[in-house]
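Heads up, there are several structures right after this.
What follows is subunit A paired twice: with subunit B in the first complex and subunit C in the second.
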Partner chain A sequence: MKHSAFFWFVLPSAVAMLLFIFFPIVSVVVQSLHAAHEQVIIEVENCGPFGCTKATAIDQEATAALREEQPLGRFAGLEIYKDRNHLATAQIGPLWEQSTSIGDFIGKLMNLPFYKALGFTLTFTFVVTPLTIIFGFIIAVAVNSAARVIRGPLIFFSLLPMMVTPLIGSLILFWMVDARGILGTALRWLADDPSLSVKADTGLMWAMLMVYGVWHSAPFAFIVYYAGLQTVNTDTLEAARIDGASRWQQIRHVVIPHLLPLTTFIALMQLMDNFRVFEPIVSFNASAHATSLSWTIYNDLGGETQQLSSAAATSVLTIIGVAILLSPVLIRTYRDYGKAA
Partner chain B sequence: MANQAQKRPAALQAILVIILITWMIAAAFPFFWTLWGSFKVEGDFFSLADWTNVLTGEMTTRETGDAFTTQGYSGAWVQEEFWKAAWNSTLVCLFVVTISLTLGTLGGYALARSTYRYAFWFLLIALIFRAMPPITLVSGYLPVFFQWNIWGYLPTAIIVLVAINQPFTLWMLHSFFKNIPQDLDESAMVDGCTRFQAFRHVIIPVMWPGVITTGLFSFLLAYNDFAVTAMILDKQNQTMVPKIASFLGTTQTKGNVMFAVAAVVSTTAPLFLLIMFFQRQIVSGLTAGAVKG
Partner chain C sequence: MNLRHILMTGSFLVAASATASLAADCGITEGRLSIIGNEFPAIQTVARNAQDCAGLSEAKANLTADHQKINLAGMQGNPAEYTTAIVANSSIVALVNEDVIRPLDDLVAAFGQDIPKNQLITINGQVMAVAFMANAQHLVYRKDILEQIGMEPPKTYEDMLAAAEKIRAEGILEYPLGGAYMAGWNLAQEFVNMYIGHGGEFYEPGTAQVSIKNPAGVATLEMLKSLSAYMNPDYLTHDSNATSAEWEAGNVALMNMWGSRTGVLMDAEGSTPEVYENTTVGGPMTVAGGNSPASTLWWDGWTIAKNVSDADAEATFKAMKHGISPAILNDETMGQAVWMIEGYQPAPVNEGVFSAISMQTTPYPMLPHHGLLHTALGDNIADFLQGKESAEQALSDIEDAYMTAAREKGFVN
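== the complex of A and B ==
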C-alpha cells in the first residue's frame, strides 16, 4: 500500500487517538507537576472604638486573578509525587526504622493511601489472573465433554458474568452477600456466627472482591480454551491413544501443549484488565477496606474539591505500573511482529 | 468424539457433571434471583428475619396486596426518570458504534494491507493505549473540557468513548481484514480502481461479518462504561450505568434500594437479548485475537 493512501486511511483514527489519548497523557503528566495555587492571604486591620485588631482574610480577587493567569497552578516539580498521598518518601524512612519486622513494616505501609491502593491492586491482579486461567480451563473441559445439543445454552449462560456491565454484575453479587441477602444468610449459617458481615470485615471483603473478579473473567478464559479444544489435532490424539497413552498422558502431552500459547494470551488480557480493577470497589462500597489505583483517581476527581493534580500524579504512577507489567509482552510482540513484518 | 465420551469412566463423568452444574448455578443463578427479587419490596429482597420471605413474598403481600409488585420499576423509570438515562445510553451507543466502526474499518484496512514497518509501530502504540486504564486519562480531559465549556454534554462523551475504543477496534478489524485475501482488492486495482474505489466496491461488500463482531464489542464498551461517563457527563445527561451508581448514593438512605434493583434488571435485559442473538459472533470475536496468537 502506498504511503499516501495509508496516510489518508489511517488519518481519522490517528487524529482521534492523538487528541483524546496522547494529548491527555501529556496533559496528565504536566498537571501532575503543578499544584493548585494557595489562596492569597492578606492582613486586614479593623479599627473600632476599642482599638485596632488585626485579622487575616482571603483576597478573593487576587486569588482569582492568579488562578486566571496560571490556570495550571504553580509549578511544583515532583512535590506531589513525594507527598503523603502518593509515594510518601518522607514517611517511609521513619516507618522502616520503627518497624520490628518486615510484616510490621508492610502493615504500617498499608496505612498510606497510595501503598494501600497499590497493595490491593497487585494482590487482586496476581490472585485473580491465575485462578481465572485454572477455572476457565476446568469449565472448558467440562463443557467440551457435554452432549453437543446442550453446549449452546451452556455457553450462553457462561457468557453472562463477563458480558454484563461490571458495575451491575458486582452489584448483583453484593446484594446477595449483603447480611440480609441470600448468600449473606447462608454464610452466617455456615459460619454459625449471627454477626458475620462481609461489609464489616476487611479479609472477607478482599475475598469477596476476588471472588467477583474470578466470576467475571473466568468466562473469557473458558471461551478461549473451549475454542482451542475444538482445534486439537484429532490425528495426534488418536496416534497417542494407539501408542498406549493414558487419558492423563493424552491431556498432558497433546492437549496442554496445544493450549499453551492461548494461556499467554489470556494472561496478558487478564493482567491488563485486573490491574484496572475499579467498579466492584464502587459497587461493594468497599473503600474502607480495599482501594485500587483506579479507585483512588476516581475518588480524587469526584467529590467537592477536585484534586486534579493529585489524581494526575496517581494516573502517571498507574501508567508506569501498566508499562512495567506489560513490558515483557510488548518486547515479545515486538520480536514476533518485527520478524513477520 | 462420541465414542470417546462413552469410554469415559463413570467417576470422571460424575465429576464433570458436578462441575458443570456448579458453574451453571454460579453463572446464571444471581441474575434470575435478582430478576425475581426486583418484583418484591425491600423487606422481602433484603430480609433479616427469614430468607424464604423473598420466595413467598410475605412483606410484599402485606404492603401491596399482591405477591408481586412493579413498585421498583415505576419508581425507577417514572419517579427517578431512568427513561432519560436509557435514552441517553441509546444515543451514546448508537453514535459510538457508528463512528468507531467508520474510523476503524478505514484504519484497520490500511494497517492490514500496508507492508511497511510504520504500520507495525502504529499497532504497537495502539496496544499500549489499549492497556491503559481509561480513568487515568480523565484527569487530563477535565481541565480542558471545563475551560472550553464542553464538559457534561453527550457529544463530548461520545467522542471520548470513540477515541478510547479505537485501539481495540483497530486491532480487531486489522486481524479480520488480514483474513480477506489480498488478491481481491489488488485485482480490482489492476483493473483500474484507485485504492479507495477498491475498498469501496470490493472490500466493503465482504467485510460485514468482521464489522458486526467488532461493532458488538464497541457497543458493549460504550454500554458498560462507568469510569468515563461518570466523570464526564452532567447529572441531566447521565447514561444508565452512572445513573445506577447515583441511585446507590441517594436511594439507599431513602430506603428505596429497590429502584436500583429494578434499574439493574432493566439494564441487564438488553444485554441478555444481545448475547442470545449474537452468541456466535461474540465467541468468534473473543477468540479472534487468541487463535492468531
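== the complex of A and C ==
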C-alpha cells in the first residue's frame, strides 16, 4: 500500500483514538498528579427541623478564588500514588520489618486497599484466562464434531452467556447461589453442611466470581476457536488418520498447532478484560470479600464525597498493570511477525 | 372567594387521587423539572405529584438507590441535567461542597412564603433545601414471636441480643436478627449509629482529624459483631431492600430499620398475614447504658441546581412545592413517611420515627468531610466482622484510609 493511501485509510480511526482514548488518558494522568485545594473551612450554624447546630462548611467564595487561580488544584506530584490508599510506599517498609515470614508479610500487605485489590485482580486474571481458553477449546471441538443439524442451536446456546449483559448475568448467578437459591441449596446438600453459604465465605465468593468469569467469557474463546477449526487442513487430518493417529493425537499434533496464533489473540483479549474485572463484584455485592482495581475506582467516584485524584491514580496504575501483563505476549507477537516478514 | 377556595381544594384532591391523569395548576407557565433522588415510597409520591404540574416544558424524575453516585455529575454541567436533587442531611453536604445547588432565599420570598419555617434548611443563614419528611432507623419487631418467648420489645441493644438468643434457643428462628449490613454505605451507617449510641465523638474538637480509635470505637465494633452472629450469614450482602425481603419472608424477628421502609413491611403485599399483621415498630434502641439512642435523625428535602436558568429554577421550585403540599396526602400516602406537611396524621407505622425525635436522637452530622469517613468506614469494617483482624486494627485502618483521603481532598494537612 502506498504511504499516502495508508495515511488516509487510518486517519479516521487515528483521530477517533486520539480524541476518545489518548486525550482522556492524558487528562487522567494530569488529574492524578493534582490534589484538591486546601479547603477553606468556616464555622457555620445549620438550622433545620431538628433545631440548629454549630458545624463547619466550605467557604465557597474563597474556594472559587482558589479555583480561579489554579483550576487543576494544587500540584501533588507522585504524592497520591505513594499514599496509603495506593502504593503505600511509606507503609511497606515497616510492614516488612514487623513481619515474621513471607506469608505474614503478604497477609499484612493484603490489608492495604490497593494491594488487596491487586491481589484479587491478579488471581482472577491468572485463573480465569487459562480456564477460559481450555473450556473454549473443548466446547469448540465438541460442537465441531456434533451432527450438522444440531450445530446451529448448539452454537446459539453456547454463546448465550456472552450475550447476557454482565451485570444481569452475574445477578442471575447471584440469586441462584443464594442460600435459598437452587445452586446454593444444592451445594448445601452436596457438602452436607446446612450452614454453608457462598456469600458469607471469602474463599467460596472468590471461587464463585471466577466461575462467573469463565462462564461469561468461555463463549468468546469458543467462537474464535470454532472459526479456526473450520480452517484446519482436512488433508493433513486425513493423512494423520491414515497414519493411524488416534482422535487425541490428531488434536494434539494437528489441530492445536494450527490454532496456536488464535490462542495468543484470545489470551491477549482475556488478559485485558479480566484485569478490568468489575461487574461481578458489584452484582454479587462481593466488596466485603473481594475488591478489584476497577471496583476501587468506582468506589472512589461513588462515595458521598468524590475522590477524583485517587480514582485517577488507580486508573493510571491499572493502565500500567495492563501494559506489564500484555508485554510478554506483545513482544512474542512482534518477534513472530518479524520472523514472518 | 370562599367558593373558589373550595373548588381549588377540590381540584387538588382530585389531582392527588387520580394520580397522573390530571395536571395540577401550580402557577407554572414555562420551565423544566428534572428530579434526581432516592427510591422509596415517600419520594416516589413527591416526585409524581411534582411532575403532575401543568405548564412544565419537561417533567421527568430519575429515582434510584444509586442517586448519590450520579446527582453531583448531573448537576455540574451547565445547564445542569437535574434541576432538583432530593437529598438528605448527609447527601446535601456533597452538593454544597461542590457548590452545585443555589440558595433559595429569593424563591422562598417570592413564591414560598407559606412554607413553614422549620422546613427550611439553612446553612450559614442561607436556605439551601426544603425538608418534607423526617426519617430515622428504629426497632421493628414481630409481636407474635416476642409473645411466644415472653419478652418485652427491647429498649437496648443488649436486650435485643438477649431476645435473639432466646428465640434461637427455643428453635423458633435460626437467624432472628436482621439489619442492612451490606459492606459499604449501609454498614458504615450502622457504625455511625452505634458509635453515637456509645457517646463517641468522630473528630478531635474543632478539626477534621478523625479520632475513633478509642474504647467507644472498640465497643461499637464488638456490638456490631455480636449482633451479626444472629443474622443470616449473608448479612454483608444485604442492603435495606434485601433485609426487607428477608423480613417479609418471615425469616427475621427483630431488626433496626429505616422508618421510611416500614410501611412496605406492614402492608398486605409481598408477605403472609402472619408476618405483616404482627410487624410492629418500636423506638430506636440505646446501647451500653447510654441515654442517647444508637441511631441518627434524618430529614429528606429538595434542593435546586445552581446551573439552571431562572425560569427553570422558578418552575422547579413551584413544582416541588406542589409535590410537598398538603394536597398530596391521602389514605395511601399518609403512612409512607413522617411528613412535615400540614394535615399529616401520624399512623402507627410512623411511631418509630416519632419516638426517635422525642428521644432527642442525634441528627446525622452535616460536616463537609464526614462523607470521606463514611466511605472509609464502609470499606474497612467487614474485615473485622469476618474475624480477619482485630477491632484495633480495623479502627486504625479506618483512620488511616480517612486521613489519606482527607489529605488528598485538602481537609487536613
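One rule holds for everything that comes next: the second predicted complex is superposed on the first by the 285 of 341 C-alpha atoms of A that agree within 3 Å, B and C clash if a C-alpha of one lies under 4 Å from a C-alpha of the other, contacts with A are read in each partner's own complex, and residues count from 1 in each chain.
Note that a residue touches a chain if its C-beta (ideal position, glycine included) is under 8 Å from a C-beta of that chain, and two chains touch if they have at least 3 such contacts.
Fair warning: this is a prediction, and the values are worked out from it, not measured in the lab.
**Student:** After the superposition on A, what does A:175 contact: first (subunit B), second (subunit C), both or neither?
**Tutor:** Only subunit B is touched by A:175; subunit C is not.
**Student:** May I ask you to decide whether A:302 touches subunit B, subunit C, both, or neither, giving the answer as first, second, both or neither?
**Tutor:** After superposition on chain A, A:302 lies in contact with both partners, subunit B and subunit C.
**Student:** I want to verify the contact counts: of subunit B and subunit C, which reaches more residues of subunit A?
**Tutor:** Tallying touched residues of subunit A, the top partner is B.
**Student:** Quick one: is A:284 in contact with subunit B, with subunit C, with both, or with neither? Answer first, second, both or neither.
**Tutor:** Only subunit C; A:284 stays clear of subunit B.
**Student:** Touch check for A:111: first (subunit B), second (subunit C), both, or neither?
**Tutor:** The second partner, subunit C, only.
**Student:** Figure out whether A:80 sits in contact with subunit B (first) or subunit C (second), or with both, or with neither.
**Tutor:** In the superposed model, A:80 contacts subunit C only, not subunit B.
**Student:** Figure out whether A:200 sits in contact with subunit B (first) or subunit C (second), or with both, or with neither.
**Tutor:** A:200 sits against subunit C, while subunit B stays out of touch.
**Student:** Looking at A:58, would you say it contacts subunit B, subunit C, both, or neither? Reply first, second, both or neither.
**Tutor:** Second partner only.
**Student:** State which residues of subunit A lie in both footprints, the one left by subunit B and the one left by subunit C.
**Tutor:** Residues 178-179, 285, 301-302, 306 of subunit A touch both subunit B and subunit C.
**Student:** Okay, in this complex, where on subunit C does subunit A touch?
**Tutor:** Residues in contact with subunit A: 66, 68-69, 72, 89-91, 93-94, 96-97, 99, 118-125, 131, 134, 182-185, 208, 232-237, 239, 297, 299, 340, 357, 363, 365-372, 374-375, 378-379, 382-383, 386, 389, 393, 397, 400-401, 404-405, 407-411, 413.
**Student:** Mind pulling up the subunit B residues that touch subunit A in the complex?
**Tutor:** Those residues of subunit B that touch subunit A are 5, 8, 12-13, 16, 19-20, 23-24, 26-28, 30-31, 33-34, 37, 45-48, 51, 54, 102-104, 106-107, 109-111, 113-117, 119-120, 122-124, 126-144, 147, 159-160, 162-164, 166-167, 169-170, 195-196, 199, 220, 223-224, 226-227, 230-231, 241, 244-245, 248, 260-261, 264, 267-268, 271-272, 274-276, 279, 282-283, 286-287, 289-291, 293.
**Student:** Spell out the residues on subunit A that touch subunit C in their complex, using ranges where they run on.
**Tutor:** Contacts found on subunit A: 35-39, 41-42, 44-50, 53, 55-58, 60, 63-64, 74, 76, 80, 83-85, 111, 113, 178-179, 195, 197, 199-200, 202, 284-289, 299, 301-307, 309-310.
**Student:** Going by the contact rule at the top, pick out the subunit A residues touching subunit B in the complex.
**Tutor:** Residue list for subunit A touching subunit B: 1-3, 5-6, 9-10, 12-14, 16-17, 19-21, 23-28, 31, 71-72, 138-139, 141-143, 145-146, 152, 154-161, 163-168, 171-173, 175-176, 178-182, 185, 215, 219-220, 223-224, 227-228, 231, 247, 261-262, 265-266, 272, 275-276, 278-279, 282-283, 285, 293-294, 297-298, 300-302, 306, 308, 311-312, 315-316, 318-319, 322-323, 326, 330, 333-334, 336-338, 341.
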